[in-house]
Amino acid sequence: MGTLTTRFSTIQDPDEKHKFLLNMGPQHPCTHGVLRIVLEMDGEYAMGIDPILGYGHRMHEKMAECRQWSGFYPNTGRIDYGGAIPYNHGYCALIERMAGIEVPERAEYIRVITVELNRIASHFLGVGAYVIDLGAFTPILYMFDDREDILDALEDITGSRLTYCHHRVGGVSKDIDDLFIKRTRAIIKNIRSRFDMYDRLVTGNIIFQKRTKDVGIIPVEMARRYGATGPVLRGSGLGFDIRKNEPYSVYPEFDFDIPTGENGDAFDRYMVRMLELEQSLRIIEQALDKLPDGPVMAKVKRVKLQPGDCSFSVEAARGMLTYYLVGDGSNVPYKLKIRVPSYSNLSLLEELCKGSLIADLVSAMGSLDLIIPEIDR
Amino acid sequence: MIDYYQIVAQIMFVAFILLTIIGALLSVNAKILMHSVLGLAVCLLGVAGLYFYLGSMFLSLMQIMIYVGAVCIVLVFGIMVGFTPNESAQKNDIGRNTLLGIVASGIAGLGLVITIFGKTSWETSAATVGDFSIEWIGENLLLKYCLAFELISVILLIAIVGAIILAKGGREEGL
Amino acid sequence: MDFIVDIIAKYSLVRILISFSLLIAIIMLNAIVMGYLERKICARIQRRWGPMEVGVQGWMQMFLDGVKLLAKQLIVPREANPFLFRMAPLLCFTPVAMAFAVIPFSESFYAMDLNIGLIYLLAMGSLNVFAILIAGWSSNNKYSLFGALRSVAQNVAYEIPILLSLLAVVLVTTSFNFKEIVAYQSGLLSFWMCQPVAFIIFLVAGCAETNRVPFDLPEAESELTAGYFTEYGGFSFGLFAIAEYGNLFIMSSVATTVFLGGWNGPFGLDFYSGPILGVFWFLLKVFILMLIMIWVRWTYPRVRFDQLMNLSWKYLIPFSLVNLLITAFIVKII
Amino acid sequence: MSHYFSEIFTGGKSLLVGLGVTFKALTSPVVTVQYPREKIDISPNMRGHIDLIKDSESKNGLHRCISCGLCARNCPCSCIVVKGEKQEGVKGKVLKIFTLEFSKCSLCGLCVESCPTSAIDFSDEYELAAFSREAFNFDLLKRVQQGDTK
Amino acid sequence: MIIISNNLNIYLILAAFLFAIGLYGMIRHKTLIGMLVSTELILNGAGLNFMAFNKFTAPDPAVGQIITLFIMGIAAAEAAIVVSFILAVYRKYKTSDPESLKELIG
């Protein structure tokens, strides 16, 4: 680690001699991966916070420039392993927008269904990991129980359980069948019946409330300044959601709400995630009801990326995901930029946790629901 | 048969004395501040054992509870909070006042030992009234020696308030 | 002086040696049984199987884990203080072993009968912090140091409610002797019924004193990786675990003797007062308490440090003081 | 002051309710399986590594591959090697080498989609562990000749 | 059989030793905490003395014990207050060396 210098590599000021550095990570239970945070500690108070990235860097953007656009499909699922399908969706939609391809309606519905299922799975992962950060080990396993059903269902149509590669330019690679529809309805019913249990076990628990309320408060102004999106922004009270504000796919046809918080503290962010589960379930239900017949794949001729640029934003599980592509006429992207939500959410951390207890730092960081490989890419 | 038990008891007695002496020496000579407090803890444990021989189990337990369990821990706490991890391993400076220390403590100790052996002949009282049970202490503490009880309560109260004020003032300044 | 000879004469050396080795065996066995139960119950709470591979329902898992720990090398970090680093697990284990000496398993099955047994147990309990401190400091690791610091403040704060809640019972029994306290509860009445506040306060504070969730701040996994024993491996780590379960046993057995009637049958069901049944009742109550602590551990999140202090100073201590005053008042009147 | 007591009451109640939830879970059946002994059925659509489909009705009586190399060209990880040879008397190429370097494969399924004759498909093997990297260099042609495929 | 533990002088000498070594440490130690440690040694010497006299010479055995308890209480209060004082000093002057606290000399 010696080669990486930080802002706090040494403490020079003699007045600050009683402060000391604490390396949190890259191997630490609360950083969910290989994030390293250098903390300048004064007792148990973190006075300076410096997140250091790059331990899980895999050059996804460079890889996109080195291969045909179709070769980037498997990468999209590996950027954010928690919620992979929105990434898949965003990339396909980007190419479709660039090449002007119309997607069959059934394919769009299937996309929405899988994306929302994946969003639920991702929120279960994020919330469960957050509760583990607070010290309770059991809720995540109940949530994984539900998540497992979703993964099973998704495996049935996408073929994999975590790094999906299901959406294709022009449609989806595999149609859904009646078994899947039946199964998904059962999953919706099951998850609905478990909300009450989560309320009693986690949300209502006084220790949980004390640990999360008034911890890591993000005012709307601050969230906007850092470009935070997703549940982090919505927890602060601003109901910004790409699905509503900049509708894509078939989302305008569904009736769903954007849950928002009030105080912007960790508890609100947690609650927004829990309420979004219900909204996702509603979307899936409506999509299953309205599911039209037809092909799931459009006729796609050879796609050349025209000179010029194009971008497409989707609402991933953790916030706004934007793909920005510059083409040069060949079928290899000249440049692909991915704007991931976790990156801007992480950049909040320093201002958010300055001068807070290390326990609050863990709580606030967990509530941002970061996926570190997504930040490193 | 009783001799056998006596031997064991005497060996343990010597062990306690050695514990006290070693602990005391360690606590003043240790190069690391933490070792010094640990030496104090060892010494206090030894003294607790001696209290046992002096017939008061209650006091020896109190010694462990208050001295080792509270005072020493507060000291260690002070070291760990007040000094950064690097500094708490700092060496005690040796040598500045060593000669003065040896002379002063030598004179004081010698004077005491001379007093013990030379000047006074202690009369051992033959019969002691009462037993060493805690009921006895408790009764005396609340009736006969009530003032000591009241005094210590007041002192502890003042200490708590003072400690809180001192420690809190520092924190507000720091933040 | 005669006092100590008396004690040695009363319990002959052979008896002391035998009981000491028996106590060590009990502590080890307790750690193994509790480790197994904890893993199994936590697994069932989380709807998993838990250890299943070695033996029926994996009952041999903990023995094999112990063997594995024994076989591992003790690695001393270069910057650590080697002497203290090696001493700390032993120091952690010794007070636990000593405290076991006064635990009354039944009317005649105990190692030592002290007339101030309760104070003895508390004194030994206060020594436990010292070992944690030494372990945390000597590792020369900042996480360990944090764990140690938290542990000190926690133990100092929670010894007060423990003492006060026990005193409320002692006021009634007028004795620190476990035997007399148990004898007081031989009938239908035991103290958890007439001192419920003290009982609850003791359980909560005991949870904190033994560093169990929701008060496991010294070893808070998600914050401090493993707290004061971050740097330990092999059997010195095992000794910490054994001492933790030993402490749990001690706390539960104090609660059992003081509040649940010790070796007496429940609700005065004293149809057979032999030593074996007494041990059975005692262990049953102790294990029920320990299982409750396991159950609690796998349900709650961890509290924050200032909340921990608030709980002690704002809730437990005032309540136990009021409880003590009321008890004193009633005892004086009656 | 009333807030003080009401917090004790609601807090205590929430803690007891939480205990109730876990107790209910304690008494309910286990949801996991003992993996190496019990196995749950995997989805028929699972994407494993690819395999040549055995097809006795095809021209060469074994598989449908025409050695066009589309799968190898479409593979983002370049983990497929396909080589065919012209042979006397046979129309088209004859497959000589078809290997998959599975340790590089990212299981995207583009090869299967691009195959014009549907000659390859996903296998349902998932217990693939080995000590060396070379163990994952599958010779698919050999596998289909030996009849290891489904 | 010599019963050494029944000899008053041994306790007295040990107490004198504790006092002397406490004095030595008090003079020699450079840090405030080290000096506090030495103070505790001196207090212990006093306590041991009280207990010894209590056992061997006093007509009423409660006195010595109560005084020793008193000393323990004082020691605890003293330790708490001194440690908080040291922390306050440390925060303000960033040192715990008593000789470098020039401002406090007056």
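As written, the chain order gives the labels A, B, C, D and E, with residue 1 at the start of each chain.
We adopt the following convention: contacts are C-beta pairs under 8 Å (C-beta built on N, C-alpha and C of every residue); 3 or more make two chains touch, one makes a residue touch a chain.
These numbers were taken from a predicted model, which means no experiment stands behind them.
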Hopping only between chains that touch, the fewest steps from chain B to chain D number 2
Most remote chain w.r.t. Chain D, using mean C-alpha positions, is E
Per-chain C-alpha mean nearest global C-alpha mean belongs to chain C
Per the C-alpha means, the centres of chain C and chain D lie apart by a whole-Å value of 50
In whole angstrom, the CA-centroid distance of chain A from chain C equals 44
Here the gap between chain B and chain E, centre to centre from mean Cα coordinates and rounded to Å, is 6
Cα centroid separation, chain A vs chain E, in Å, comes to 61
Two or more other chains are touched by the chain C residues 1, 45-48, 142, 149, 298-300
Touching two or more other chains in chain E are residues 3, 5, 90-91
Where chain D touches two or more other chains simultaneously, the residues are 15, 18, 21-22, 25, 31
Chain D residues touching chain A in their complex are 7, 10-11, 14-15, 17-18, 20-22, 25, 31, 42-43, 45-47, 74-77, 106-110, 113, 122
The chain E residues in contact with chain B across the complex are 1-5, 8-14, 16-31, 33-34, 36-38, 40-41, 44, 47-48, 51-63, 65-70, 72-81, 83-88, 90-92, 96
The chain C residues in contact with chain B across the complex are 1, 3-5, 8-9, 13, 81, 84, 114-116, 119-120, 122-124, 126-127, 129-130, 133-134, 137, 140, 142, 145, 148-149, 152-153, 155-156, 159, 176
Residue set of chain A touching chain D in the complex reads 67-68, 70-75, 78, 138, 142, 145, 152, 155-160, 163, 165, 168, 173-174, 197, 200-201, 204-207
The chain A residues in contact with chain C across the complex are 20, 22, 28-30, 41, 44, 131-138, 141-142, 145, 201, 205, 207-208, 210-211, 357-360, 362-363, 366
